[in-house]
Amino acid sequence: MVKAGVLGATGSVGQRFILLLAEHPEFEIHALGASARSAGKPYNDAVTWKQTALLPEVARNMIVEECKPEGRFAECDVVFSGLDADFAGEIEKAFCEAGKAVISNAKNYRRDPGVPLVVPIVNPDHLSVIEKKTADARKAGKEKPGFIVCISNCSTAGLVAPLKPLVDKFGPIDALTTTTLQAISGAGFSPGVSGIDVLDNIVPYIGGEEEKMEWETRKILGKPNADGTGFELVDEDKMRVSAQCNRVAVSDGHTECISFRFANRPPPSVEEVKQTMKEYVCDASKLGCPSAPKQTIHVLEEQDRPQPRLDRDRDSGYGVSVGRVREDPVLDFKMVVLSHNTIIGAAGAGILIAEILKAKSII
Amino acid sequence: MVKAGVLGATGSVGQRFILLLAEHPEFEIHALGASARSAGKPYNDAVTWKQTALLPEVARNMIVEECKPEGRFAECDVVFSGLDADFAGEIEKAFCEAGKAVISNAKNYRRDPGVPLVVPIVNPDHLSVIEKKTADARKAGKEKPGFIVCISNCSTAGLVAPLKPLVDKFGPIDALTTTTLQAISGAGFSPGVSGIDVLDNIVPYIGGEEEKMEWETRKILGKPNADGTGFELVDEDKMRVSAQCNRVAVSDGHTECISFRFANRPPPSVEEVKQTMKEYVCDASKLGCPSAPKQTIHVLEEQDRPQPRLDRDRDSGYGVSVGRVREDPVLDFKMVVLSHNTIIGAAGAGILIAEILKAKSII
Amino acid sequence: MVKAGVLGATGSVGQRFILLLAEHPEFEIHALGASARSAGKPYNDAVTWKQTALLPEVARNMIVEECKPEGRFAECDVVFSGLDADFAGEIEKAFCEAGKAVISNAKNYRRDPGVPLVVPIVNPDHLSVIEKKTADARKAGKEKPGFIVCISNCSTAGLVAPLKPLVDKFGPIDALTTTTLQAISGAGFSPGVSGIDVLDNIVPYIGGEEEKMEWETRKILGKPNADGTGFELVDEDKMRVSAQCNRVAVSDGHTECISFRFANRPPPSVEEVKQTMKEYVCDASKLGCPSAPKQTIHVLEEQDRPQPRLDRDRDSGYGVSVGRVREDPVLDFKMVVLSHNTIIGAAGAGILIAEILKAKSII
Amino acid sequence: MVKAGVLGATGSVGQRFILLLAEHPEFEIHALGASARSAGKPYNDAVTWKQTALLPEVARNMIVEECKPEGRFAECDVVFSGLDADFAGEIEKAFCEAGKAVISNAKNYRRDPGVPLVVPIVNPDHLSVIEKKTADARKAGKEKPGFIVCISNCSTAGLVAPLKPLVDKFGPIDALTTTTLQAISGAGFSPGVSGIDVLDNIVPYIGGEEEKMEWETRKILGKPNADGTGFELVDEDKMRVSAQCNRVAVSDGHTECISFRFANRPPPSVEEVKQTMKEYVCDASKLGCPSAPKQTIHVLEEQDRPQPRLDRDRDSGYGVSVGRVREDPVLDFKMVVLSHNTIIGAAGAGILIAEILKAKSII
């Protein structure tokens, strides 16, 4: 079993990491890290547990440590970070420098030129940068190097998943718009989204979210560069991306109404677009990763789907659902995408990235 | 006082007509029409009242009649129709043929070439077709003719309101996309939207809504034709419109995330766009109509506004709020529009249309 | 495998029966019945599926039949009824007379003196009336007789579950009040509860619910009569029950704030009450029924629990959660009870009743 | 015009005070107080405005001061406090000692033997203690003394309002139970109730609320003592009160399911109970206070009312609605009470108390 640590273990993302790890066939929870205020306490006393599933027994009495690459964390093979951006920068750096494999949900290193930004059902090939780094160290007779892999923004994950097979088959997308209806779990819960903001209401703004979606999409749909040490982003002028983000009264599951245009003329047919998404099998599935979705993209034919309450848990939240694929009078196509923001858009993505790294013997 | 009748008086739209008429300075409720099952009963016994405001005293004991241009309806100067589309076609036709001024919220005659489709803060000039018809009859020594004016679809109203002054000033829009987050009151309440559909959920589909928005926008932003008997629609190829419609857990107020591009290059600046919307004064205001908004379009500068719960009641629901006006990487601009779907998008629009007709001495 | 039929298969309760049967280790779906309008269609075409879990493959293409004890229904060992009360009376009678074992969620026969009204974690001993009937027929050399067993009202189930072990240990309860906060799934979904009724709102009334709770509690906490052919209800004067029922914006899970007083003085301590509920093991668990809860009653110590979203799925919805057990200034004790209304309060109760009947070789 | 100051002006209760004062015929906003962090800023910059009504112009540019009885506060005739309990104790004491009339929504002085705890539509007679204190000072040739009047807990207000006329007419209540379904606005909004806590959920616990209701009811339904300097509470054994408090997904309006028993036998009839509540006219109405409700208690006959969304705004939130009055199998009667928690249960109560004090020439 791979020994796993969780940084930011009492937070919203940390709790999801714990839930997913507690029943994992390959990983086991070995260390839980939180603020100095929580350190030394049994996890059950340190946390305000807010998940619908019960707090796993394995974590209940584990003593919380500070977020330092010491103690039980020193024994971990991989460390999942659910830290707030305010703390993630320094702590993750320290773990990386201490030789640890860090998989982070924080935004701090997403734009770092040497750090892969990975949606595991989309661009696990970006992990080749880590493979190379590890192989180079081995050749040089050095210790296994530490590294950071970043999980994408939750709404970015849902956006790029169905686009990946389309770009692979039909060539680049030159214009892309998305209007999101995002779940409140994406904002954590201390305090997270206030009740009064989502009761009989919409908040048409999520700080920094639109910029993240517009930028991250270009890195994720880009590719590792020639020397294998970094990434070539899709050029901003070649793929124009526009996002409008809203917070709505949904617990889990981001809905996105997207439209897009291919650079190549003529574009494919609606049927070709649907067929291509249906046939897509992500690498994680091919590698046999335990959490990989059986069906990466569910293409729904019912006219009023996907819906968050009904479709968010497909493939345990690791699959993405697409519906209402149709021609768009302005761009080429429009459709509705639903992804589980805390699974494929956050903690679950981290777990699946780790499974891929393990399958590739990097951890 | 103008004598007003309400068709479909027990339904959702009918109830709103009654609320608005009950306190109106120029109109008084004179007849209430509903199905044969309700006819003969006092209104209070026939209706399941679902408004937050109490059932007005004036309507409480009024005897409901069948929807025929007889009895008290024969004495009405104007008739507001909140009928379901299943019944509106024949009934409204009968009232029109009986010489009545009919203002209808139903969709049946919206595409009729001779029937104005009016958002009163946007295109009251389309009523000139009625003015001409009335004047022609007068000249010919005939009785005042009956006519129908259609209220637009609720989500169309919010879309075209801020665009009207922009088109007037900066010329045609050649591409327009909108993703709506629509309130449940738009679907009435017998049964209306089911609770389970909007609790922790989004329904990314509203039957017929996208087609209505895409088509009605072209009629409303078009103009009366040369001979004053019908309308020139904006050409489908000249203004491509794409709508994606969602039902969300909001009681009143449709939020729309829209983006658009002007045909003329270069486009105006963000500041010019905002200033033009701010300065817009609709004709209904100029005419001194009692329900006309003081400020037709509220341009909000707060980054997280407009929000339905906080902004839907501006100008008693007759004003439209716009926020987050900014450049769009794909088209020219994107912004968030909020309109009160049962006021400026339904019953309230009917009242304001009638006020304009009265100001122009047509009723 | 026991062959199971589902009556009212397209309705809300019917869908839950199908979900529970599709993965059942002892039962298999053999017949699906619905209205004449649906008969002859594959189930997938006849149903508007509204569950969060996907429509099980096994039911997808099964041809729906009319609700008659013929065809595939004639081959069923047990029939679960999710029929509306409007139809349940005659159909269930016909099945019973045809020798079928009918387990019904409808209210029609709950007050029938010879029909057991069973909450399977509370009073499976009431099934002895069926056992006797079956044994008598066997002795008389007759065919296995048909019978009906009624599932209790959903809110009654949550009320009586924690009371049962208390009454068994500390003697009768002489006064009992409950105020319920009931989920909308209890009302089905065609149309079920209207969205506008539960958005930013409470409806403090559910037709017939209070009467059901007040009456059913007396039958369930009563016992089979001396000759084993019917039931002795708890006397209305000996146990006064008062219910106030509210509909709230919760999808699944009925919350009840209850208070009660024992007839015997002095009453037990809070600790004794909690301990007795904790130690309660229902007969279904003792019999090893597959759906029986591991822990029948979860006694929570956190001051703000149980909560529907966090606790309704304990023991897959077959367990009941109790929290905030404390002394009551008016009666003896007050506490909060949460039960899953569509599992232990409806379809799940039916399945567990059937498991008990099977364990006792009645089906 | 009476000069009014608002302490805690940026908070939830403070904002409501400002809204109510901005359009008040007798009071004008003269000073706004908040934390040192906000002091010196225009109110519009200091506040995160969260009300559905827009920020009143009169307050928009007023400079916020620290909460000290100096500056513009020194010129105020009355000071309304929406301070958090953490700060209210010392600040309110300082204002009182500086001779100010303080009307406070905080809990700090509610149990002070010399401080009236007032629901203005219930027990304004308790203000006689202030009248006496003021008169005594005048006689003694001293300056007008400062004083504090406490507004009751929001859920207490709804509970005691309909009971007051019943106790006055039919004598003491000896047992009283209430289960509340409380709106989230009662918890303020920084952060207030978390969205995840009320989305598809109930929280069956509100810290300290049950104790407040059980204790405050005894002070409010008690009376000034013989020498006019304090209060005689209803004896705890003579009126046993039991509360169970829940937080639900409602923005404004507390619903309470209550039941109660009179000490005197036989109890009145349901009709007498309803009639007595209907006929009740509170003193504030008799005094002609501008905010006093026209109808103090609305007794609704519809079987599914009152409902928060439909009834909370009766009499601008100063009236209380009661429905479903019926006999209770355990106590004498049960019924549903709805009160607007931020009007008659908080800021509005403060305004109406001040109006009464003004009508009595105390301020």
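The first chain written gets the first letter, and so on, giving A, B, C and D; residue counts start at 1 in each chain.
In the analysis below, a contact is a pair of C-beta atoms (placed from the backbone, for glycine too) under 8 Å apart; a residue touches a chain by one contact, two chains touch by 3 or more.
No experiment lies behind these values; they were computed from the predicted model shown.
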Label of the chain whose CA centroid is most distant from the centroid of chain D: A
Which of A-D and A-C has more C-beta pairs touching across its chains: A-D
Averaged-CA centre spacing for the pair chain C and chain A, given as whole angstrom: 41
Where chain A and chain D are represented by their mean Cα positions, the distance between them in whole Å: 48
Numbers and ranges of chain C residues touching at least 2 other chains: 50, 197, 199-200, 249-251, 309-310
Chain B-facing residues of chain A, complex: 175-177, 179, 181, 197, 199-205, 214, 240-242, 244, 246, 248-251, 255, 257, 259, 303-310, 323-324, 328-331, 334, 336
Contacting residues of chain C [partner chain B, same complex]: 50, 184-185, 189, 191-200, 249-251
Footprint of chain D on chain B - complex, ascending: 50-52, 54, 199-200, 251, 309-310, 313-314
